[in-house]
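Presented below are the structures under discussion, each in the form of structure tokens.
Consider the two complexes below, in which chain A is the common component and chain B and chain C are the respective partners.
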Partner chain A sequence: MITRRYLVVRTTYAIVTAFIAITINFLLPRLIPGNPADVILFANYHYIPPGKAKLLEAQFGLTTNNLGIEFYDYLKQLFLHFNLGLSFSYYPATVAQLIESHLPWTLYLLGVSILLSSVLGVIVGRWIGWRAGSRSESVTSSIFIGLTSLPYFWLAIIFILLFAFMIPIFPLAGSFAITVTPGLTISFISSVITHSLLPIITLVITTFPAFALTMRNTMVNQNKEDYLMMARARGLPRHVIEKKYAARNAILPVTTHIVLAFGYIVAGAFFVEVVFSYQGIGYLLYKAVTSYDYPLVDGIFLMITITVIIANFLADMLYAILDPRVELR
Partner chain B sequence: MSEDILTVKNLETDYSLDNGGFVRAIRSLNVELQKGETLALVGESGSGKSTLALSIMRLIDKPNKIADGEIILHDSDGDTSILELGENALRRIRWKKISMVFQSAMNILNPVMRIEDQFIDTFEAHSMPGDYSDRIDKYLTIAGLGTKVRRLYPHQLSGGMKQRVSIALALSCEPEILIADEPTTALDVVVQREILFELKQLKTSLNLSIIFITHDLSVASAVADRIGIFYAGRLVEIGRKNDVIAKPGHPYAKLLLGSIVTLSTERGKNLSSLEGSPPDLSKEIIGCSFYDRCPSRVKQCLSYDLYPVEVGDNHYVECLRAKELLESTV
Partner chain C sequence: MIGNYNPENVKAAAKELAPAKENLLLQIWRNRKARIGLIIFGFFIILGALGHFYTPYPATYDNFRPWLAPSIKHWFGTDYDGHDVFSQFMYGTGVSLYVGAAVAFIAVTLGTVVGLISGYYGGLVDNFLMRFVDILLILPTFPLLVILSTYFKPTITSTIIVIGILSWPFMSRVIRSQILTVRQRPFVQAAILAGLPGYKIMFKEIFKFTLPLIIINAVYIFVGAIVAQAGLAFFGLGDLASVNWGTMLYYAQSEDAVIYFAWWWIVPPGVAIALLGVAANIFGNGITEVFGERAGEI
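Our next item is the complex of A and B:
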């Protein structure tokens, strides 16, 4: 049950976490050695003209050498103007523009993958958990244990090799074919779907087995619960016991597992984007980090953080709906 | 003699051990429950009382098993052999004919379902007639709870309230037999007294036959018509309440009764105590299982092929020297 108090406290937690994350996100890239102005100039002139370096640094706001003032400016721009600054490497594009054009791709990839792997994990886990001890169950469980140990990027490379290169049924890279124009047309949408299939399959295959195994184990443990014996003593049909008693209770720890795995899946999605040259946030982040693009790195980290915080907040709400015992302690 | 409603014949129930062996928790047990009576089964922990309850409900799970015996329900539908029923037929007997109040009510209700929903799915499972809502209110009231409880979740109830809910649930499908497995052990004495009193009243008003399992002889004497004494998986003595309490025939029963403190116990009187521990049930026991601890043992006890000796009207004792011992005390 979501009580008013629960909502208020959870929201406060989310806001405080977001602020701490913003602070850390501001600090981290500034601790990386190197100077973005030098990088840009070196890339263009193959040496660093001193006057030009000063000019660029001034434009990027890197003159004060005072983190406090930079942080204050950063917060002011962020909260008053939603201004995340200019990208160093995609100059003169703004960070906000870059995120805006890349974020939907990542949200699509992540959203579909998380949804699919959670649903699949719960359904398959419930099925094997209720049949624990049978031959089909032990075979499935062993395969799943193997699948959980596959790294995302490795599987992604193997998939590209197999299904895009050796047997070219899927496109090699990108998020849609260069021959189609973006828009709400059938050719564009189908191109987007075919380009996203391999990345999504990679993510789902590497994440859902862990959920399924958790679900399996909690289903097995349900058999030891008094309420399950009581349900059998009450003469309830087997399918009712499985659904309303075993699975309904087993889903609670699985929800926690999925929420905890959230950050891991986000990281996985980024790797997968890089391998598939999929134009999402992960790919953008990779570019930004390799070119000392402080504002872009900052903006992306902020984006990721906010997304994960929002997702956690929603998960808290979901948990309160699923488990009536969830209250504030 | 009144009519029997449940007969247990030669029941043997085994708990399997990790090393491949097993513990025989019930050893060729014979008992019958008469229509409308309360039969209290008394014994120490591990004597097999709860195992008997679970065997009757057929809640003994693999790898544990009911190795031998018969459990027969006699009711309006004729005789039903419970151990031979298929899954579906068994499902229909459970709760509708024989229901049960479990020892610990703490975790017995599904934590994520409202109380009323747990009643409703029971009713649906047995296609109960009538308005479910009225039925829930009726049995919650009978169990001494307010009807507001139906909208609550189990974690919002106290231990005593949960036990009352489980009693209400157990009665709600109008069973003929109620097995109460230490229903009040986890509760404080005040609640215990209330619940015992209610059970006693319900038995008459609902025409129930009750098997009441307890380790507490004073509770047994408060509720029972007949008392059976359990020891090491066997029923060593059974008879009418007053006969068993006033003239226990089995040495174990005597010692058990002698160990009770009552308000009328004289000061300074020594309570009886029992040396040693019950026999290892994973081994075969030859002769009387109480032999090692028995103050009245003789050599012949070890070769005694156990059978109940009738020492009084409907009073049976599984002891070779039962008659002799009873006469010597008189």
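Our next item is the complex of A and C:
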């Protein structure tokens, strides 16, 4: 149950954290030694064209030397106009436009992956949790621990090596074949799907064991509870106790993990999209970082932080609703 | 966090930890899981230390024929530029482990001190520190690492500092809740009544109860830092002149090792990272059992 105090405290956290993230975002370009405009121009052109420096300073909001006024302007632009500035490398596109056009790809790729891996994780975790202590369970758990320890980007390269080069069943990279034109045609949609298969498979393989292990641990803890002994004493069939009793309660903490995982969609997109050159937010961030496109880097980081904060907030709320025993610390 | 490390289990074990009856190290060694973990760690530590002083060929020597497959002469073959991959791997092991150890040192120190102070003093101090920790915990670490590396030209040292500063919050929280329970025990209350100064109580009376938590967290942070550094380096966001597991994978990716089917260049760093991750998990489980036994002995 969500009490008023719980709601107020959690909301305050979320707002304070968001504010800190925004402040970091505002301060970072100003922390670079020297004038950021000069630094950027120098990195791009290796000298400083005089007209350009003024222009950049204006775009950065570096018009005054008063940090307070600059911060006020920054906040005003952000909240009133959702203005995150102009991108350097995709000039004249704005940061907001770029995020908007790349976001759907990320939401599709990571959304599908997390959905699949959480469902798979819960089912497999229930199975091994119910058989905890057996030979098959300990082997499976060990394999899962190994899988969670694999660096994602490494597994992705190995999979590309195996399934796109050696046995070319999947396309190498990209979000769709360059030969098809985007649109609601069958050839475009099937191209999108085939291009997303290998990234999704690698993501699911590296992420579902974590869900499964959480589910396993909570299942094991449920086993000690009295109500399960009661259910056994009543002579209920084992599979009914497993599915309708133990799993129902064990799924609570896993639910929070899943909600959090959805919040980390954008944050987690980095590895998969870079390795597969998939045109989502993660790939955009990579491009921005490698081309010193500071406004774009800042804008994407801000968006990532805000989604994570919102997911944390929602997970806290959901947990309180699902499990009435949760009390505010 | 990697794997299924559950702070609750360790806390339960640490709760009843009493002065040692048997040599702790010996007891850890007798536990099979802890031993396997230690052997894997030991293997890499020896390999890395050795690689610092000796490699079959100099790690930067690049006049072999490129893209040679593994052979007696080149155990892990050669790379695009004619480096001996095994020599690079040996040398890189030392660098990667050094990053992990240095980060673990920074993070464990910060985490323990903040946890101790927060748990021992409670009240306003605790409130302030833990709200700060809450905020740090929410900030997404890897993207933050990525943008910090764009603003500050990364060196191995700067990478260590940044990862170290971002790695302690979770640990401080675990330590704090442990202190909260220990603080209520009679001998601590007695020490307070006897007028012992706070820092003495913290470090002489309470500190040892956090030892299991510190060991386990140190191991996880150690491996986590190696993975984070490798991740950053892989995307070209580290010190690319340094030879380590991350930069090996970076060059393998950027020089199209996949096209040349140079699996011998790609496989070793990834398998090494995975092995360390597995070792951390097994060792963590083993340590939990050991401290559980010790609690039971009393």
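Rule of thumb we're sticking to: the second predicted complex is superposed on the first by the 246 of 329 C-alpha atoms of A that agree within 3 Å, B and C clash if a C-alpha of one lies under 4 Å from a C-alpha of the other, contacts with A are read in each partner's own complex, and residues count from 1 in each chain.
Definition applied: a contact is a pair of C-beta atoms (placed from the backbone, for glycine too) under 8 Å apart; a residue touches a chain by one contact, two chains touch by 3 or more.
Computed from a predicted structure; not experimentally measured.
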| item | value |
| --- | --- |
| Fit-or-clash call for chain B and chain C when the two complexes are aligned on chain A | fit |
| Chain B versus chain C as contact partner of A:T17, first or second or both or neither | second |
| Included angle at chain A between vectors to chain C and chain B, based on C-alpha centres and rounded to the nearest 10 degrees | 70 |
| First (chain B), second (chain C), both or neither touched by A:L67 | neither |
| Touched partner set for A:V240, first chain B, second chain C, both or neither | first |
| Which superposed partner A:A231 touches (first chain B, second chain C, both, neither) | first |
| Contacts of A:I321 with chain B and chain C, given as first, second, both or neither | neither |
| Partner chain in contact with A:W154 - chain B first, chain C second, else both or neither | second |
| Greater chain A contact set [chain C / chain B] | C |
| Which of chain B and chain C A:V297 touches, first, second, both or neither | second |
| Contacts of A:R248 with chain B and chain C, given as first, second, both or neither | first |
| Chain B and chain C, minimum CA distance [Å, superposed model] | 12 |
| Common ground on chain A, meaning residues reached by chain C in one complex and by chain B in the other | none |
| List of chain C residues in touch with chain A within their complex | 2-4, 6, 131, 134-135, 138-140, 142-144, 146-147, 149-151, 223, 227, 230-231, 234-237, 249, 252-253, 258-259, 261, 263, 266-267, 269-270, 273-278, 280-282 |
| Of all residues in chain A, those that touch chain B in their complex | 223, 225-227, 229-238, 240, 244-245, 248-249, 252, 322-325 |
| Chain A residues touching chain C - in the complex, by the definition given at the top | 13, 16-17, 20-21, 28-29, 31-32, 141, 145-146, 148-151, 153-155, 157-158, 160-161, 165-166, 210, 213-214, 216-217, 264, 267, 270-271, 274-275, 285-286, 289-290, 292, 294, 297-298, 300-301, 304-305, 308-309, 312 |
| Interfacial residue positions of chain B with respect to chain A in the complex | 57, 59, 61, 87, 90-96, 99-100, 102, 104, 106-113, 121-122, 125-126, 153, 155, 166, 169 |
